[in-house]
Every structure is written in structure tokens, then in C-alpha cells.
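See the structures that follow.
In the two complexes that follow, chain A is the common piece, with chain B as its partner first and chain C second.
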Partner chain A sequence: MTQWFKSGFSARRSRQGLWGVPMVIAVVLAVVLAFGTDQFATRENLFNLIAQAMPLLIAAIGQLFVILVGGLDLSVGSVISFSTAILSLDGPAAVLIPAVFVLAGLVGLINGLVITRLNVHPIIATLAMQYILLGITRILRPVSGGTVPDIVIAAVQGSMLGVPLPLFWGLIAAGLAAKVLYGSRFGLHLFGIGGGVAAGMEEAARTYGIRVGRNIVLAYVACALFAALAGAFLAGRIVSGDPNVGLLFELDAITAAAIGGTQLSGGVGSLHGTVLGAIVLALLANGMNLANVSPFVQTAIKGGLLLAIVGLQSRKKMGL
Partner chain B sequence: MAAVLSHPIWRRLAAVPPAYWVFALLLLTLWIARPNMLNPNVLGIFVRQVVPLGILVLGQLLVMRVRSIDLSGGGVILLINYIITSRTFPEASGLTFIAMALAIGGVVGLLNGYMVAKRRVSAVIVTLAVSIILVGLVQFLSSGKPPGDVPKYMNEFFDIKYGPLPLPVLFWLGCTGLMWLVMQHSVYGRYVEAVGESAEAAAFSGVPVERTVVLAHMLAGLIAAVAALVQTGSIAVGSVRVGLDLPILAVAATILGGVVFGRGEGGVWGPFFGVLSFALLFVVMTVFGIDDAGKLIAQGLIILMAAILYGARAKRG
Partner chain C sequence: MFDGETACLIEMQSISKAFGSSRVLRDVTLRLRPGSVHALMGENGAGKSTLMKILAGVHRSDEGRILKDGNPLHLPSPREALAAGISTVFQELSLLPNLTIAENMFLGREPLLRGGGLDRKRMRAETVAALAELDLRLDPDQLVSTLTIAERQFVEIAHGIKADASVLILDEPTAALNAADVEVLNRSIRRLRAEGRAIVYISHRMDEIFSICDEVTVLKDGQYVGTRAIRDVTPDGLIAMMVGRELSDLFPARAASLGKPVLELSGFRTTPKARAFDLTLHQGEILGLAGLEGQGQQRIMRALIGRHTPAGGTLRLHGQALKFPSAARGIRAMARLGLGFVPEDRKEEGLMLGLSVAANLVIGLHAEKPAFTPARSLKAVVQRMTDALHIKTASPTTPVASLSGGNQQKVLLGRYLAREVKVLVIEEPTRGVDIGAKSEIYGLLRDFAQAGGAVLVTSRETVELIGLCDRLAVVHGDTVMTELPANQATEHSILAAALTVEGGAA
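Take a look at the complex of A and B:
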């Protein structure tokens, strides 16, 4: 246990990445905010904080899957916008909700197949997908509007036994991801594939009998499904469809994963690190809002934090 | 099918970067649909609009050939545009602005290069983070409001024409020619090619890999500064949104031109035609009345098709 704990602070020894740093930052931020401001530790603010953090948390978990295999998904934001647009169409909830996940799964499938079968670089493939999906979303819903099924709104805005429902969304997403990443062969294979890619030996996993292509495709499908879940959550929060709601969300998701110690070359990263990364980002945004820091400065600080944290994690590979 | 694909003629044709095909196709479409659009004056104006993109592409193709990427160009363009139009420096002359722009581009590029080559941080993350910081900074300084007017002399430079040829287009041609010389006939160009093929092999052969990558990023930063100056000349009033989509378009045009991470069959002129294709694409889509949504889809499909064409070839070869 102590060994495991120590590994969170060492970039060299751990396959889980540098997750100790975001944990310290998160704790320090929370303590400073709790004692430094009157508004932070109030019920409303904490409810708000959780609701703000969840879509980012869910999207970041999805992004973790593809980053682990050395990929990157830039279409996450457009999947989110697309999901809210689908949910705001006219139709029964029993059709719309499954449709969101089926379509998102299809998007992930296309991403994965284009990357593995047609040998296109992940950045380029998902960038193209981003453009195409944004276009389709604008056709479905040129400006924000429409109504979202009541059940989605109720699942986002209510609370149970004094606990806000958004927390359950996060717990379910994290639990699901934990099961898949740490409790299934698929998860183990993802780490195996990524480890080989990071070391410059793309064939390593294949020689151990791992079906590399199929697992990478599934990672992109998982990423798109988590993005759709984040989209459904956001739709419930804004109660309508919005073609711009997911704008730049993929960057926040990547930032959260990177702050959590996930290395973009693949193979190194952890679920708890990514969750901590998302919490750091949410705390930072919440704290700066309370301190009346201009949203533009917040953006700049977020970028600076990302730069500083990834600068701490040296790796062998140079370039992308 | 396989026999057809391996036929020498087909292989010869497939070796041509997709940009030339797309360009020819779009030109043909325009010629059939609106022949009257195809006069030098009209086309000159359309091509003039993509000159900032065309210049930015020169930096992008350089970093992409050393297996890196630069997404910070948008932030650089925004910051330089803000400095020139906001009257923060009311006394500054054109030359001072040029010096300031190059200094900003150089410093940003150097930072990118240091982080990518020496600290070995993912280039996507570094350049995105730098862009986020610069955009946040400009929006904070301007409180999100458009700054002020562009100095008159910059617009005048941009409007100069020699016959049907606008000065910015000639400038772009000159820059591209210069880049071609560097890539084709300088030691540095050879280094870039070697690092792109295999950084490891290049290092064993005595190529200063890290320095090559740092310099590539620094040059990309300087080129982004030049693109920013041209972009500023092309608009009358400053803006806090100008140039933000240019880095992504630059990546797209570069791929269309047959340059992908580490490989550069398209050379310098492939991406040049990639940019021209985008210029024509906007014309054709406007002619056919395709709205913004359709434009996004078409752009995505073109990037995808170009990349698939190249990906498929990489696998065979």
C-alpha cells in the first residue's frame, strides 16, 4: 500500500502516472477555499461544484481509454454537442436516449476503424470526425433550443437522501470504468498495447497474442460512449439542445487526464488520477469564480497549469 | 483489384499528393458551373484571402515533418493582432510592430521547441496550452471587446496589385519558394528529413535531433508572426477571434498536400496547393449556396479522404 502510494509521486517508476501531484493540489485547493472564503463550504456551492465537475469527469474518463493506447480523441466535444441535439429532438424518451448511445457508439466505431484499418493518425481522424459531427449537429439544431425528455432532467437536477444526483452519474461512470480498466481482460490489454506504443514497439502487444486493432477500436467506442453520457448530463442541465455546448470540451478532458498523470504517449495513466485531475480543474474554476477572477484569466491559468504539469513528466518519446 | 492497384500507372498517379487532384477537380467544377468566375481578378481576390493560412502552413509542414505539430499559431496571430490594433503602443511605427511580432513569434516558438524537444512533452499538449494561455491573455486585456482599427498603411500594403496579381499572393509565393530552397538545398533541410524518417537513426548518424526540432518550432513561431502581420493587414478592424481556426486548417491543408507526420512526399508545393484547394473549396461552396453546416462536413470529409489515401499508401509501401 505504501509502495503504491509512493509510486503516485514518482514519474519514473509508476505505470499509473504522477497522480500524487493532483491529489496534493486538490487537497490544498479545497482547504484554501474552505478557510479562505465564506461561500465555498456552503450547500449550494458544493452542489453547484459537483454538477459542474461531472460532465468533465465523465468525458475525461472516456478520453483516458484512448490516451492509454497512445491515441487522442478530438471529437469528444462534438459528440457532446451532438448528443444534446439528439436528445432535444421531438420524440419519446425511450427512443431518444438509446439513440444517443447507439449513434455515439457508431461514431467511436468509425473513429477506431479509420485509425486502425485505414492507418490514419488519431489526431487527424478524430479532427475530421469533429468537423463532420459539428456540421451534422448544426443541421439538426442550428441554434440552441428544443426540450429534453423529462426523465433526463429529473436524473440530473434532483437529489436523493440529500445527495445530489449528479454525484451518482460520476460514481456510476467511474465504477464502470474501474470495472472495465482494472477488472477485465480488455483493460489489461489497453495498458499492454499502450506500453508497447510508448516504448516505440507497436508490435509488442501483438506478439503476446493481444488483438491490437480490435482493442483500439473498442477504446474509441468507449470514449465516444462516455462522451455521450457527458452530453446527456449536460442536456439535462441546460434543458435544451445546444450545438456549441461541447465546444473545446475535448481539450478540458485531455487537460484533466494529463493533470491526473496520464501520459499522452500511452500506457501510463490511472482512473483515480484522471478523476483527481477533473476535480482539480473543477475546484480551480469554482475557486476562481468565487474570487471573481476574470473567466479569461481562468482560461490562461488553466493553460499554464497544464503546461507546468506535463512539463514535470519526462518521457522518452519526442514529438506528438 | 489488387492487380489494378499495383499497376505502375496507378501507383504513379497515387503518388501525387491529393491536393493536386482536389484542386483540379474544384477548378473543373467551377469551370463548368460558373465559367465567368474563372478570371484572374476574381480568383486573385479569393486567393488573397487565404494568404495568411498559406504562410502559416509553411511552419506547420516544417514541424509536421519532424513528427511534431504546432497548434499555437492561433494564439500568436491573436496576440500580434491585438498589439497592433489596440494602440497599446501609440508611438510604434510599422518596423517596430514587425520587430515586436517576430520577437513574440520567436519566443513562443522557442518555448514550444524547448518543451517538445528537451522536456519531451507532447507537442499537441504544449502548443495547445500555449495557445490557450495567449488567447486568455488577449481576451483579458481586451475584456472580450474588439480592440481598434488596423493602421491604414497595413491595409494599403495588403491592397497593392501588380496587374491581376495581389502583393500578398506574390509574397506568399516568395515565402514558399524560400522554404523550398531551405528544405531542398540546405543542410538543415536534410536534417529535417532525417529526423522525420527516424529520429533514432538520425541521432546515430550524428544529426543534432533536439536542435533540429527546436529550430523547426522556432521557425514555425516566426512564420506564424509573419502570417499574423499579413492577417492584420487583411482586416480593417482588430478582433479577438481572428485566426483562431487557422492552425487546424493549416494541419488539414498540409495533410491534403501530402505531408504527414514524419513523411513529406508532398514537399513544399503540395501543401501550397492544399491551401489553394481550400480557397477554391470556399468559392465553390459559396457558389452552390452550401451553408456553414455543409462547409464543416465537407472540410471534415476532405481531411478524412486525404488522410485515408495517404494512410492506405503508407501501409502498402
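Take a look at the complex of A and C:
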């Protein structure tokens, strides 16, 4: 246990990335906010914080899957907006909710196939998908409106035994991802493929008999499904469909993963690091709002933080 | 299927393969018997690795077929080869650095628990057992990136030795191993042979071939030369099969006469503690820095291009006194003065592996021009150098990484020859180069000297220095102990020259 804990700070012997850094930052931020402000440690603000953090946390977990194989998904924001638009259509919840995930899975499948079969760079493939999906979303719902099935609203806004329901969304998403990433062959193969890419041995995973293409496609499908989950959550929060609600979410998701120690070259990263990265971003936004920092300054600070943290973990230090 | 002895386990018939326009295998046959170790020999670039990659499912052959127990095999990818019981330890290390030893051992065939999760307990236990067979005690949860090269090599071998594999391909498994490690490996190979498996063993080390193998198949230039029982051949006979000529032809004739001095070092002190020495390189001469490994040969050479700062001395090039170059612009400045430097590690320091043969050849010419001068393709130069150096490449646009070691080295030489330098400073001119290409490189260096150039060279292979050079400067303790005419030097006299004086001083 202590060994595992140490690995979060010295990345030499671990493939989990420097997840200790965002953990320290998160703890420090929480302590500073709890003692420095009156409003932070209130029930209302904490509920609010959890609900604010959750869509980013879920989307970042999805992004982790593709970053691990050395990819990127820029269509995450559009998938989120698209999902809210679908949920705001007229129709029974029993149709709309499955439809969101089926369509998102399809988007991930197309992303993955374009990248592996047509050999298009992930940034271009998913950037194109971002535009295409944004266009479709605006056709479906040009401005925000419509209503979302009650069950979605209840699942986002309610609470159980004093615990806000959004927390369960995060637990379910993280639990699912943990099972897949650490408890399945698929997860291990993702690390293997990414490690090969990062070390300049793209063919290595294939010589082990791993179906590289299929695994990469599935990583993009997983990413899109998590994005859809984040979209469903947001729909329940804003109670309508909004073509712009997912704007720039893909970049925040990448930021959260990177702050959490995930290396964009592939093969190095962790679920808990990514979750911590999302928590750091949420705490930062919440704290600066409480301190009345202008949103423009907030954005600049976010960029600076990203640069500082990623600067701590150069590839060479990893020895990978 | 019987041909006097045992039936073949694997038969590769009339295999041909081309990459682009270069044909790497032509009508090659290989027959592997169960319970035997089969050596596959040939120079670098003879097609050994390609043949094995076809058997491992990495490449697909253009023609020919593969039979296992008489039944045709279809191997579109490594998956099918693994399923057919063909397991490979590749020459280039292919372990994934970010996975643990156990994960690497089981990658692609992980044992599962009933719930679908990974059976990590079993992976660990079987990894420990497999490593123990090779006398290795390593934590199975250690990341491969934390292992030494030799440890990685063993893990790679352990990974290849799978219980269900009937064919094991070992492509230069001993490259990173010392003698004791090799003995451990040989013991495992004998055990596998006794179990009735067929083993392909690729190595350049003759002693290994003769100690462990039963049969040998020789390839040359992608063609089948022959298969012999090891007891029927000698090392010299094998080399003759591989090279197709006698060893004495390896080195070109020495210089008939020398010209005036081109490079003069006087009062040169490599380090503050080292004794000062003088050294002169003449036109038409190949001068070797000999001696034990790491005695300062490299520092002396690198002082000439600013990669080492000497403690004192003067430098004259073509009679003109120069300051010792600085680290920042030494290589460019000296190249402008007609001195080219070919580093030992061509992959790290010399070539741009991802760039084409053409770009690597002419980059030196471009480097002479201001940065924003349009870079012409210099097709004529590329063609001239490719022809003159006999560089074997599919086309000038082929990435240099895909060439064999000897051809890569020729490209690096060509870069300086294209600039028409007058002095070549070369570290390890034939490292990782096969015999045929070595001979060609010696010829190229001699031609260069004869055309009025001068060469300063170091090598770990003393035999190479004796055969190639006109004169040897024996370096020990960062200083030149003595100079010997190369045609009178022996490995013994060089060692004696290096050590006796030091012994007297101490």
C-alpha cells in the first residue's frame, strides 16, 4: 500500500503517472477553501460542487481510454451536446435514453474505424466528427429548449439518505472504468498498445497476437459512451437540450486527464489520477468563484496550472 | 515425408518475398525437425530475419508455402502463428516497457478468472516459475522499463518458451548476454530439444552455433545456399558459404606512399593529468588509434570536432594553425575546413533514421548553405553516392532505418564523401556490419585515402585496425604510448606497447 502510494510521486516504477501531484493540490485547495472562506464547507456549496464536477469527471474518464492508446478524442463536447439534444426530443424515456447510448456508441465506432482503417490522425478524425455532430445537433435543436424525461432529472437532482445522487453517477462511472481498465484483458491491452506506441514500437503489441485495431476502436466507443453519460447528466441538470452545453468539454477532459498524470503519448496514466485531475479543476473553479475571481482570469490560471503540472513529468523521467 | 531421418515438423518451401522493388528472399527452403536445433546463418541483410518473420506471421510471403506436419499453414498475422504453436523471440527487444514482467509474459493470452477478470495470481506464479527455469529471480510485478538489457533479453526468452509451442525461433538471443548467461540459455535450449521441439537459432557467434546446434542452413543475398549437419562443417567452411569468398580478401592493399602532413597535433594533452604527445596524419594514410577499450581514443578524436575540450596542445590542419573547436559549432566549423566526423553510434548520433536515404546523404551539403536557401534535391549527387558506395536501397526515398547496418553505415560515410572532405575521423567504422559490407567499407576508406584523403580511425576490433590501417598509434591512459607500422603489428605487440610502458612508470 505504501509502495503504491509512493508510486504516485515517483513515476519511475509505475505506469500510473504522477497522480500524487493533483492529489496534494486537491487536498491543499480543499483545506484552504474550507478554512479561508465561509461559503465553501456548506452543504449547499458541496452539493453544487459535486454536481458541477461530475460531467467533467465522467467525460475525462472516457478520454482516458483513448489517451492510453496514444489517441485523443475531440468529439467529446459534441457528443455531450448531441446527447442533451436527443434527450430533449419528444418521446418516451424508454426510447430516448437507450437511443443516446446507441448513437454515441455509433459515433465512437465511426471515430475508431476512421482512425484505424482509413489511417486518419485521431485529432483530425475526431475534429471532423466534432463538426459533423455539432451541425446535426443544431439541426435537431438550434437553440436550447425542449424538456428532458423526468427520470433523468430526478436521477441528477435528487438525493438519497442525504447523499446527492450525482455522487452515484461518478461512482458508477469510475467503478465501470476500473473494472474495464484494471480487471479485464481489454484494459491491459490498452496499456500495452499505448506503451508500444510511446516507445516507438507500434508493431510490438501486434506481435503478441493482440488485435490492435479492434481494441483501439473499442477505446473510442468507450470514450463516446462516457461522453454520452456526461451528456445525460448535464441534460438532467439544465432540464433541456442545449447545442452549446458541451462546448470545449473535450479540452477540459484532456486537461483533467493530463493534470492527473496521464501521458498523451500513451501507455501511462490512471483512473484515480484522472478523477483527481477533474476534482482539482472543479475545486479551482468553485474556489475562484467563491473568491469572486473573474472567469477570464480563471481560464488563464487553469492554463498555467496545466503547464506547470505537466512540466513536472517529462517522458524521460518515466524511463519508458 | 521421411527422408532417411525424422519427418519434418515445419517445412518452408520456395519462399519468396519482396519489399517494394528489393527482393529480400528468393526461393528459400527451410526444414525443421522435431528435437533439433537448427542454425540459420548469413550476413546481415541475407534475409534471415525476414524468413523468420514470415514463419512468425509478421510478414506474408509473396510465393511459397509453409507446411506443419505436412499440412499447409496460413499465417496472415502473428495470432495464427502463435495458435499454430510457433513462438518467436525477436531480435529487436519487443517487450512493452510500461507493463510488468508478468503482464508481458502473458500478453495476448492472459489467464482469466471465472468472472472474466485477469487471473493475476496465476500470471505471477507462472512467471516466477518460467524465470526460475532460466536461473532468474525477478519480481514479476516489476515494470520492464526498470530491467537491465540482459534481464529483458531473458524475460523475452522466457516469454518465447511457451508450454504449447512446438517451434521456437530465437533471433540473436545472445546479443546482450555474457558467457555465463549464454550457458544458462543453452541449458534451456537442450531441455527444449529433449522435449522434442524444433528450435531455430540465429546467431553470428560461431562458438554458440557449434556448441548448441544440430543443423545449419545458410542464406546469402536472400537465396538458399545449403543445409548441412553441424558435424559436417567447420567455421571456415561456414564463413565461405556465407561470404562466398576467402577471408584474406577482406582488407585492401595498404598505401604505397604517403603525402604531406594534413593533420598535426603537437603537445596535445587529452586531460590535465595525461602526458602530452604529438600525432601526425599524412595525406593518403589511414591512421588507427589502437589500444585497450576506453583508454582515451574517443576523447582524442572528439577533441578534433569540439566534443571534448583538451587540456592543451596545438592543432594544424593542412599546415594552418587552428584553435581547438568549440562544442557549439565544432562539427560545422571543421566540416567547412574539410574534416568529416563519423560517430560510433550511427543511430543515435549519426543518421536521421526516419528520413530518406537521399536526405541523409545530402544533408551535409545543405548544412553548408545559409538556413533559408532553398534545399535542392541534388538527385545527381544522391545517385552518384548510391552507385559509388553500392548502397542497397529500394529507392532514394526509402527511410534509412529500413536499411541493413552495413548500408546505413555507407550512407553515413556518403554524407561526408559527398562534401568532398579531405580528412575523415571515424569511430568504429564497421560496428554491427556484416562481413561482406565490412570488406566494402574497408575498400571505400582505402579508395578515399588513395584519392588524396586521410583517415583517422578507432575500433574495438584490433584485427580490423591491423588489417585496415597503415600506421597505429597505441593509446593508453589518454596518451599515445608508441606508434607502430600496421603491417608489423600484432594484437600481442599492441597490448604489450600499451601496458609495458605504463608498468615501468608505475
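As a working rule, the second predicted complex is superposed on the first by the 313 of 320 C-alpha atoms of A that agree within 3 Å, B and C clash if a C-alpha of one lies under 4 Å from a C-alpha of the other, contacts with A are read in each partner's own complex, and residues count from 1 in each chain.
The criterion applied here is as follows: contacts are C-beta pairs under 8 Å (C-beta built on N, C-alpha and C of every residue); 3 or more make two chains touch, one makes a residue touch a chain.
This structure is a prediction, so every number in the text was calculated from the model and none was measured.
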Overlay on chain A: chain C relative to chain B, clash or fit: clash
Which superposed partner A:Asp90 touches (first chain B, second chain C, both, neither): neither
First (chain B), second (chain C), both or neither touched by A:Val114: first
Residue contacts with chain A in the superposition, chain B compared against chain C: B
First, second, both or neither for A:Ala205, with chain B first and chain C second: second
Touched partner set for A:Leu188, first chain B, second chain C, both or neither: second
Contacts of A:Gly196 with chain B and chain C, given as first, second, both or neither: second
Which of chain B and chain C A:Glu44 touches, first, second, both or neither: neither
Touched partner set for A:Ile123, first chain B, second chain C, both or neither: first
Steric overlap of chain C with chain B in the superposed model, located at which of 96-104, 330-338, 348-356 or 402-410: 348-356
Overlap of the chain B and chain C footprints on chain A, listed as residue numbers: 318-320
Complex contact set, residues of chain B against chain A: 66-69, 115-117, 119-126, 128-133, 135-137, 139-140, 143-144, 199-200, 209-210, 213, 248, 251-252, 255, 260-261, 292-301, 303-304, 307-308, 310-312, 314-315
Interfacial residue positions of chain C with respect to chain A in the complex: 56, 58, 77-79, 82, 88, 90, 92, 94-99, 103, 107-110, 112, 116-118, 142-143, 145-146
Chain A residues touching chain B - in the complex, by the definition given at the top: 72, 114, 118-121, 123-125, 127-136, 138-139, 142, 200, 251, 254, 258, 264-265, 294, 296-304, 306-307, 310-311, 313-320
Partner chain C, residues of chain A touching it in the complex: 12-15, 179, 183-185, 188-189, 191-192, 194-196, 198-199, 201, 203-211, 267-268, 318-320
